[in-house]
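You will see two complexes here that share chain A, one where it goes with chain B and one where it goes with chain C.
So, the complex of A and B:
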């Protein structure tokens, strides 16, 4: 039971990290990008590749994963967001990010293979550590660190305040002279780097697996919708709740119904409180 | 029906296809396109007309296919009743999925359908007493004369024609206008009195019905189904066919289905790339031609044969004017 809780917390932390990636991209562009989970998948796959195939030391591999994630974020902005946002049709971005996500996933499947491959040790530790194993606490620390870092970034730095300004009202921000296109690009690079870091930290839990991206995109979104869109605390709480709920359900019912239960959670929350636990209601259709 | 001759020629060509198709494989491919089209024709009303981006119809396809295989195969019920049952099952599941999720805004709805597709795959694996789990199920064929490849093709052609006729009727009459209005502006739709949720739900349930029928026929073509047949990427593929063909048209998605199904089968390098190719196509279409390939044809036709713009200048006629004024003064 305790082991189920801890494993659930670790998985939930990864979901929370994916939800944070969504949040950062959403703040500047109002786009929920399907590529959010794929940044973490890239972090895991490239981390394993750097360390096992190229034989790089851990810090270099970590930097490499973050850079790959950031580059993918930049690519997302250039390819899938920039031209689409200029048009008024609001759901084109769903199609373009979905297309990009599919392409990345298939490219990784062709290059890396469709089998999950093991991820090497990041910190030297004995394999007998049981529940104190690094694969459980690394993702949790990274997710909490990312959330705290984001809050500090939003509150203390000029760029963070620009993000907040853009998420409040993008036209007003542009009227005040904020280079909105460049800030949006920065936010995508940042989101990609965060995803790469989270994927690297959770590599030992998830293995380096090409199909992780889609699962994370879905579960990160569920965490986000449960916690409330745009709220970082909500992302952490939603992710933890989702991870623990699905692992407890696995413990009692069996692993076959994991997806069904997590989507059930989403539906219940959306029916009872459509804006999520920590979200703000913003309804203005006209 | 602007071109009755072209329509009659196309219908005749489709009906006689088993006689002039090169080999059995091409006939199989044509039947596969037909089964896909039965699903896509219904999905087109949801995606292309009412603008709800459902990426999870592969789940409904799987339900139809497994429903047919279980009812007709495991329980040995008459295949025709099983076909109707899988259509009804698809419609029921479409209703149960659509009722909560169609209330959600765009991205939430897309994620709900994505989750639905994953749940169906998960349940198919979990309920292995019913579905055979990872091993799969074998699917019975229809009775004579539909048990040969050609007979099967004609059956699929008949169902596909019927479904196409139904969607065409929906699309060109008031329903279709209402759905397009919901797609383009929900606020306008509410203002002019279109029951938004009701309209969306009706289209979605119809797409569930066609997905169930398409799934049953698809299962018969495959003759053996496993959970691997119904990967999420197949749902992507249906979706891409419609977007590439162009939203709000029926011919466009049909051509999209034919081309996208046939292309990877006929050229080996594309088949290797598989879903990467579909993703690339979707990206290109969204970025360059958001209205779909059909728009390209329209532009080309305009270039080749510009529409004649009637202009009838009226020359001034002072004499008549003065006469009229004089007549008025009198």
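So, the complex of A and C:
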């Protein structure tokens, strides 16, 4: 049972990281980009490639994964967001980000292959460490670190405050002279880098696998909706709840009900508290 | 009638005669393969065998003087695409025979379409429901059935290593679910109720609980029925990390070369046995059957002497499917679907590389039980394996 909890927590931390990626992108663009999970997939695949194929040391591979994630965030903004938001108020970003996510996944499948490939040890440790194995704890540490880092960023830095301003009212922010396009681009780069870092940290758990992105996009969204859109604490709690609940459900009733329980959790929360556990209702004064 | 008209008429008749004799219609083989996408690794190897056989037959003059023309369509592992491409092959390309699709999920969708179109279809998916002499009279299976793999694995667990406490682990895909169910049913029929049965998501990141439960239930064999190499590698890793040396006996994907890279330590791949084929199993002296060795020599002649780093049986199966078409057209004396059907129904012990095939009016599964053998999962060498002890 303890192993189910720990494994669920580790997987949930990855979902939480995907939810944080959603949050950062959403804060400046009001877009729920379907590429959120794919940033982590790229972090895992490129991390493995840097270390195993290019033979780079762990710190350089880590930096490389973060850079690749950031570059993908930038590409998302340029290709799937910028022009769509400039030309339409409709939710066409759903299609544009889905198209980009699909293309990236297919490209990785062609280049990297469709079978999962190993992710090397990040910290020297024997494989017999059981539940203390780094594969469980690295994603948890990174997800918590990302959430704390984001809170500090929002509260203590000028750019963080600009993110918050755009999140409150994008038109007012633009009227006050904030370069909203540039800030949005920065947020996408940052979100991509966060995803790359999370994917690298969870690589030993997930293997370097091209199809991971879609799973994380879906479960990251559930974590986000459960925790509350825009809340970093909510993302952590939602991710952990989803991971642990899925794991315990599998433990007691078998894997065939895992997805049903995940989506069931989403339905229950949306019915009882549509804004999520830590979300806030937006009241627009008229 | 003027002389000119007579000459023109004679020339037209001569031309028609000449095209009929010297440019006979080629035998068009539709090849539905998932060359890209998540299920592509087996298909790519099979495609090598298919192409190699077509080239070989065409080099020696074709079949009854008719060249083979391969019409390849990539389904990307998607049943919807497979359906559209099967219709295209049947009604637009007007092929004479279809090989594939490669995966059972796609075949379940295409077999009824090709049956309605009346096109002979060589099945290379292992799910039992794919053949039925009444519903799909033109469908003949070249690969073994899933049940044959399971029966071989059960026989090994129960009768060879004499274990009775079996844990069955399937994945939640349609294939994994039905395979695990069949395995459990066959075990119960043999008087052995599995001590633990579970289905897990093929992408589940950790199998500690499942392996712990199997151990707590007293399992002395773990039988995984999943084609997901990631899941199988996690099973091997969990067993190894727990220092529990229980035999793992199951699906051929346990032997996939990709597993070698995914296990935490090379020794974790030991004490694992999977269903394989006599055709790709080394004997005690390290030799392969003569037909297999001949195919390897031909492949080396074409692609160089480097080590074969994929499962050779996929190449052998692809190669054999084209040779089966050659056999059927020769026996039928042409490409008439009914004649091809009769030819295949009357086929007994047709020697191939992958297997020796027999079909009848009632039996559409051509692969014989005795050509399945259990292999040591970690014994991959040059495309083939050693037999399990």
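To be clear about the criterion, the second predicted complex is superposed on the first by the 281 of 286 C-alpha atoms of A that agree within 3 Å, B and C clash if a C-alpha of one lies under 4 Å from a C-alpha of the other, contacts with A are read in each partner's own complex, and residues count from 1 in each chain.
Heads up, the rule we're going with is that a residue touches a chain if its C-beta (ideal position, glycine included) is under 8 Å from a C-beta of that chain, and two chains touch if they have at least 3 such contacts.
All of these numbers come straight from a predicted model, not from anything done at the bench.
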Simultaneous placement of chain C and chain B on chain A, clash or fit: clash
Touched partner set for A:147, first chain B, second chain C, both or neither: neither
Which superposed partner A:263 touches (first chain B, second chain C, both, neither): first
First (chain B), second (chain C), both or neither touched by A:24: neither
Touching partner for A:99 - first (chain B), second (chain C), both, neither: first
Touching partner for A:130 - first (chain B), second (chain C), both, neither: second
Touching partner for A:110 - first (chain B), second (chain C), both, neither: both
Contacts of A:7 with chain B and chain C, given as first, second, both or neither: second
Against chain C, colliding segment of chain B, chosen among 27-35, 45-53, 171-179 or 207-215: 27-35
Residues of chain A contacting chain B in one complex and chain C in the other: 110, 254, 256, 258-259
Chain A partner contacts - residues on chain C that touch it in the complex: 36-41, 171-172, 177, 198-201, 203-206, 208-209, 212, 229-230, 233, 237, 240-241, 243, 256, 258, 261-262, 264-265
Chain A contact footprint on chain B (complex, rising order): 51, 53, 55, 100, 104, 106-108, 110-112, 114-116, 118-119, 122-123, 125-126, 186-187, 232-233, 236, 243, 272-276, 278-280, 282-283, 286-287, 290
Footprint of chain B on chain A - complex, ascending: 32, 79-80, 83-84, 87, 89-92, 94-96, 98-103, 105-107, 110, 214, 218, 221-222, 225, 254, 256-260, 263, 266-267, 270-271, 285-286
Chain A to chain C touching residues, read off their complex: 1, 3-4, 7, 10-11, 109-110, 113-118, 127-128, 130-131, 133, 136, 205-207, 209-212, 215, 247, 250-251, 254-256, 258-259
